Amino acid sequence: MSLRAELTEKIVRLKIERELSWSGLAALAAGLSKEFVTAGLLGQMALPKAAAEAIGAALGLEPFEIRLLQEPPYRGSLPTAVPTDPLIYRFYELVSVYGTTFKALIHEEFGDGIMSAIDFRMDLQREPDPNGDRVAITMSGKFLPYRSY
Amino acid sequence: MSLRAELTEKIVRLKIERELSWSGLAALAAGLSKEFVTAGLLGQMALPKAAAEAIGAALGLEPFEIRLLQEPPYRGSLPTAVPTDPLIYRFYELVSVYGTTFKALIHEEFGDGIMSAIDFRMDLQREPDPNGDRVAITMSGKFLPYRSY
Amino acid sequence: MSLRAELTEKIVRLKIERELSWSGLAALAAGLSKEFVTAGLLGQMALPKAAAEAIGAALGLEPFEIRLLQEPPYRGSLPTAVPTDPLIYRFYELVSVYGTTFKALIHEEFGDGIMSAIDFRMDLQREPDPNGDRVAITMSGKFLPYRSY
Amino acid sequence: MSLRAELTEKIVRLKIERELSWSGLAALAAGLSKEFVTAGLLGQMALPKAAAEAIGAALGLEPFEIRLLQEPPYRGSLPTAVPTDPLIYRFYELVSVYGTTFKALIHEEFGDGIMSAIDFRMDLQREPDPNGDRVAITMSGKFLPYRSY
Amino acid sequence: MSLRAELTEKIVRLKIERELSWSGLAALAAGLSKEFVTAGLLGQMALPKAAAEAIGAALGLEPFEIRLLQEPPYRGSLPTAVPTDPLIYRFYELVSVYGTTFKALIHEEFGDGIMSAIDFRMDLQREPDPNGDRVAITMSGKFLPYRSY
Amino acid sequence: MSLRAELTEKIVRLKIERELSWSGLAALAAGLSKEFVTAGLLGQMALPKAAAEAIGAALGLEPFEIRLLQEPPYRGSLPTAVPTDPLIYRFYELVSVYGTTFKALIHEEFGDGIMSAIDFRMDLQREPDPNGDRVAITMSGKFLPYRSY
Amino acid sequence: MSLRAELTEKIVRLKIERELSWSGLAALAAGLSKEFVTAGLLGQMALPKAAAEAIGAALGLEPFEIRLLQEPPYRGSLPTAVPTDPLIYRFYELVSVYGTTFKALIHEEFGDGIMSAIDFRMDLQREPDPNGDRVAITMSGKFLPYRSY
Amino acid sequence: MSLRAELTEKIVRLKIERELSWSGLAALAAGLSKEFVTAGLLGQMALPKAAAEAIGAALGLEPFEIRLLQEPPYRGSLPTAVPTDPLIYRFYELVSVYGTTFKALIHEEFGDGIMSAIDFRMDLQREPDPNGDRVAITMSGKFLPYRSY
Amino acid sequence: MSLRAELTEKIVRLKIERELSWSGLAALAAGLSKEFVTAGLLGQMALPKAAAEAIGAALGLEPFEIRLLQEPPYRGSLPTAVPTDPLIYRFYELVSVYGTTFKALIHEEFGDGIMSAIDFRMDLQREPDPNGDRVAITMSGKFLPYRSY
Amino acid sequence: MSLRAELTEKIVRLKIERELSWSGLAALAAGLSKEFVTAGLLGQMALPKAAAEAIGAALGLEPFEIRLLQEPPYRGSLPTAVPTDPLIYRFYELVSVYGTTFKALIHEEFGDGIMSAIDFRMDLQREPDPNGDRVAITMSGKFLPYRSY
């Protein structure tokens, strides 16, 4: 297990033991969203220094661990190429089913290129609905055109 | 190649030859979104009868093909488990990087359960931006709770 | 090994050492089935608080472990995509052999959609039979229709 | 594509063109269930002679094809080890999530052994439910004990 | 490493340290074959109580370990789907080369069905031969017919 | 599809159309077993000239095809590394479960080396049994010792 | 084989039959590099209209094929995830060996982010060398920073 | 984890704790590039003795570890065949998209052969650009011709 | 199937129909070994012009096919990463078993680097032996040192 | 990690710490080649008793470890089916590129059968060459014919 993966496991354990929440932890990182901070604490983003220090203090992390939170991690949060967890699999399924649709419609609207997964932000909210509340996710990624050269 | 995959390839060929667009074809299907109709034409959704007939007529499809468009397809639009196309890979990358974040935040907000990929809709738009326009995707899936029994 | 996987292993060890049974443990969780509780103790379901505490006390688990039993786990109980254990493989074989039959008959009866694996319950019983008793499994999953949008 | 796979594709095409149903075809096979006959027509079971002839006549199959329907097929109905179709994936997910639970409870009730996937029958029905109808599946497989020797 | 895998490793170590043999250990299990007992000690079969206790005493195992030997294990003795060890690979190769032949001849003799790998026994002997002794393996598995229903 | 795979498919089709049996075809090949000849007709062994000509004449094969039957084929009869067909899978399962047992017992009896899958013969018979007939397979492979050098 | 893959194969055949070169074909596409045009003709880039028409005329392609060359392709030029061709494998090997070095040095120089493979250009030249000429490749990709949000 | 992988992890930890940089460490290795030295410290190259000793002293490594740095490592820096980290994946994507282009153009310029990944050097620099700085990589590998024999 | 793979299949068919041998065909290519020429005819090497023309004439190939034989092919002669054919598998097994030994001894003798598979030649001969003739293979590949830079 | 793999790692560590060489260690095993002994020390061959004891004494191994060196190991020296280490990959590449050539030429010379990887020996030497020294490997494996039965 890598250094960062060990740290993620420690954070998960501390969060449960201290009965904390991801959004509560994110609230300690002024100006950052719960999505970005949670990803950072789960080992997928480099946290800004202030955020790492504030959250590290709240969790009682070691100085080395607080510094590690600020390093760009080796990304990839899943143990298998096709995820086994049902919640995460549904997102994989959307890629599998809608992948060529994403491609067709983005090319039609923007021309050849991609939606960036780097210059990207997302927001996850509860959408009240009389037939059962819904998960509403908005994603925004910069369009990056392929250019001929 | 399955019957439906052959039909998808035929539709792609006709669309290019006749210089049509996915949204133009979707406009023939009253009341349906471009996202749903494109997925149907790419072999991932069963089109309602009226939509299949209107678009089938516009493309000059055979009666059997128009009926085939209305059948639930064997879904999965990608030739490999990890997609090679860069545009589609970026969506896979989001699942890989943000998968555990999706899981953490949805469980925190809703409890144990998943976001449905069946009772689901999505919308893809251009988001103007002075630093380069962005792809804006909104997804809405019903939350389905695990229930003890 | 994740925190939850370590806990599963500990529970398996305790159950053998103390000569307990899964249905005996499940009986401590009022109102819950042996199927649900066993899945929870094997790290696949989040147990309700009362159940986690009653069983945790019986097994002598730590407070952190009792809380961990209530967390939605990263699901997936098998070490390989195709299971090697013969008992479990037979279920995989049923999916492999009858998969397209499930699909054909459910679509014929219900239209396009799926059987939910979330809003789902099952029951496993001994079916006496003069030619050798049988395993009888009944599954019930809500039908979720794909809807056009 | 194998001979049997080509025949399956031909049967699927004929069924759609002639607007037939799987249960309608199965009704031509006296004494056989819709589950068994559909699996046979989809290339996964060997149909008894009478069934093959009755259905073959209704579909207008060639004599060789009617004989091929009676041959034990090379089983396995899915193009990938992990199925991509959402309806079929849910069954795979049940194996992934509940696999160790099946194992624990069957061993507890029956001792060491397996549930046969050969001496097996199943039945798939609509279960009316005010919260949305459910798919009810009952499976019955002979328990086969491992014996020491 | 699972509890049972750790026990297997411990048994292998003890067997080497004490210069024991598999058939010598099996001889302690009255009425059982060397094939069955070795498979049990290698973590693939559940040993009967008397056998587990006799061998456990000889090896100096802990009470928990002796009980663990009697539990149905999660079977699968190989670290990869295609075995790398040449001796074991040759058996895999026989399946790869003769698989369709097994299928053709068993179906021709018995009709549709399988040879059970559960109601199964085998015997491995030295077959003296002037051109070099041979490994003689006899396998006997109950034929299980697919039945229509 | 390779030349030999096409020929195998043609032979399978002819055998069904003419209502022949594998053992009947093998009887045309004087002095050869049904196991070896069937493997040859299924594309896994090179048939001797006389056998290829006798069977080729009976099936009405072309001269090129009769010659092709005598060529060493690219062996491997299965479409996937882990076979999906239940009959064949059971043999794979035996390797998976008993692999390390084969290894332990052969090494104990013969020392370091392997059982040859080349200097190998096998015989498959029906073994009558009041509890249900059994498939009896005897395998005999030369032991090949690793030698130090 | 997809429509675009068939076109790629046709172009390769025409190029050999007519004894053309990739750089000769690229020279017909004013202002475009040999790297970009070759990638387009091999089915990996969408060619600008003028380039597709000039080269299409030179090769005698059909109007549909000329239009197809202008469509964004489903990218991925290799038949396996790990390439088998030695020339291409060496590039995969560089990623395998130097991957973590690329990551360490780019993060050190630029902070967290990636080198774009979309806003990217490259140039491949012969580098004369008395010990044997060398292949010189220069790559230039825009740095895209991860931004917190 | 191998001996060398443990050493890599230790070096990464020390570098973060002591707030060192890869180029700073490389500067201790007179005459060597930052690319080569970083790859060595990440377990992919054998460092020359002087470099290993200078850097080992700076990091406070044990004598065995300094010697280990000079051993040719078992190369391969990535945990999966297709890398999950986005920065590294982009390089894999370049191989996937441009692989056949590399092949076409190198063969056209040099004839049949490969670019060596052994007699190879590379340089990674910041390329200032008003639209956003770029990562500039130059690679130089000796061309190795296939020769007939 | 690629153009070159189709040509390989055609050559194999012609060789059998005309009862030719690989070494007989290689003898038509003055100065080239049977190993190199056979690899070329099997689609793995680019044949020199004279060789392609001489052999092409003998086999009655088309002009395009003769030119195709001179093109560097997309190498990789096997349909699966782990070969299923027993003869070829034995070579894979040698790599699997002796891989780390090759590495240890070559590094010990030559230092860090590799044996080239490009600047490589080999020779395959019968080695008479009273205990059964042997296959003798000699390989010679240039040692290519990793150099620091 | 298996018992034998741990021992291999320990031997590698001792060899580096004590600045020993593989051929130096092999010289302690009278009458054995450096290739065989190195493979044994790397966990791929069972060493004869005298060799294990002589080398074990030189390295200071425990009695259990010396006995373990004499056991037939679970062979397979590589962590992945396709090796990532460039030196070892080149041998895999030779199998991939020349596999069908090996097959064609061995069948042509010997008839149907294989080259044994068990009754096998090899020798690895430096071949001086003015253009750069070469690695010369000679392999000798007994030809084993398939026999009809």
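Worth pointing out:
The chains carry the letters A, B, C, D, E, F, G, H, I and J, assigned in the order they are written, with residues numbered from 1 in each.
What we mean here is this: contacts are C-beta pairs under 8 Å (C-beta built on N, C-alpha and C of every residue); 3 or more make two chains touch, one makes a residue touch a chain.
For reference, the UniProt names are A, B, C, D, E, F, G, H, I, J = Cyanate hydratase.
Because the structure is a prediction, the values reported are computed rather than measured.
Shared contact partners of chain C and chain F, listed by label: D, E. Comparing chain pairs A-D and C-E by the number of C-beta pairs in contact, the larger count belongs to C-E. Here the CA centre of chain A is 46 Å from the CA centre of chain E.
Centre-to-centre separation of chain A and chain G, using mean CA positions: 31 Å. Of all residues in chain C, those touching 2 or more other chains are 35, 71-72, 74-76, 78, 81-82, 84-87, 93, 96-97, 100, 103, 107, 113-114, 116-118, 144, listed in ascending order.
Interface note: chains touch in the pairs A-B, A-C, A-D, A-G, A-H, B-C, B-D, B-G, B-H, C-D, C-E, C-F, D-E, D-F, E-F, E-I, E-J, F-I, F-J, G-H, G-I, G-J, H-I, H-J, I-J.
Across the complex, chain I is touched by residues 21-23, 34-35, 38-39, 42, 44, 75-78, 81-83, 85-88, 90-110, 113-117, 120, 122, 124, 126-127, 129, 131-144 of chain J. Residues 32-33, 35-36, 45-48, 51, 71-72, 74, 100, 103, 107, 111-114, 116, 118-119, 121, 144-149 of chain J touch chain F in their complex.
Only residues 82, 84, 86, 89, 93, 96-97 of chain G touch chain J when the two sit together in their complex. Within the complex formed with chain B, the residues of chain D that make contact are 9, 12-13, 16-17, 19, 80, 82-87. On chain I, the positions that touch chain G within their shared complex are 2-3, 64, 67-68, 71-72, 74-76, 78, 81, 117-118.
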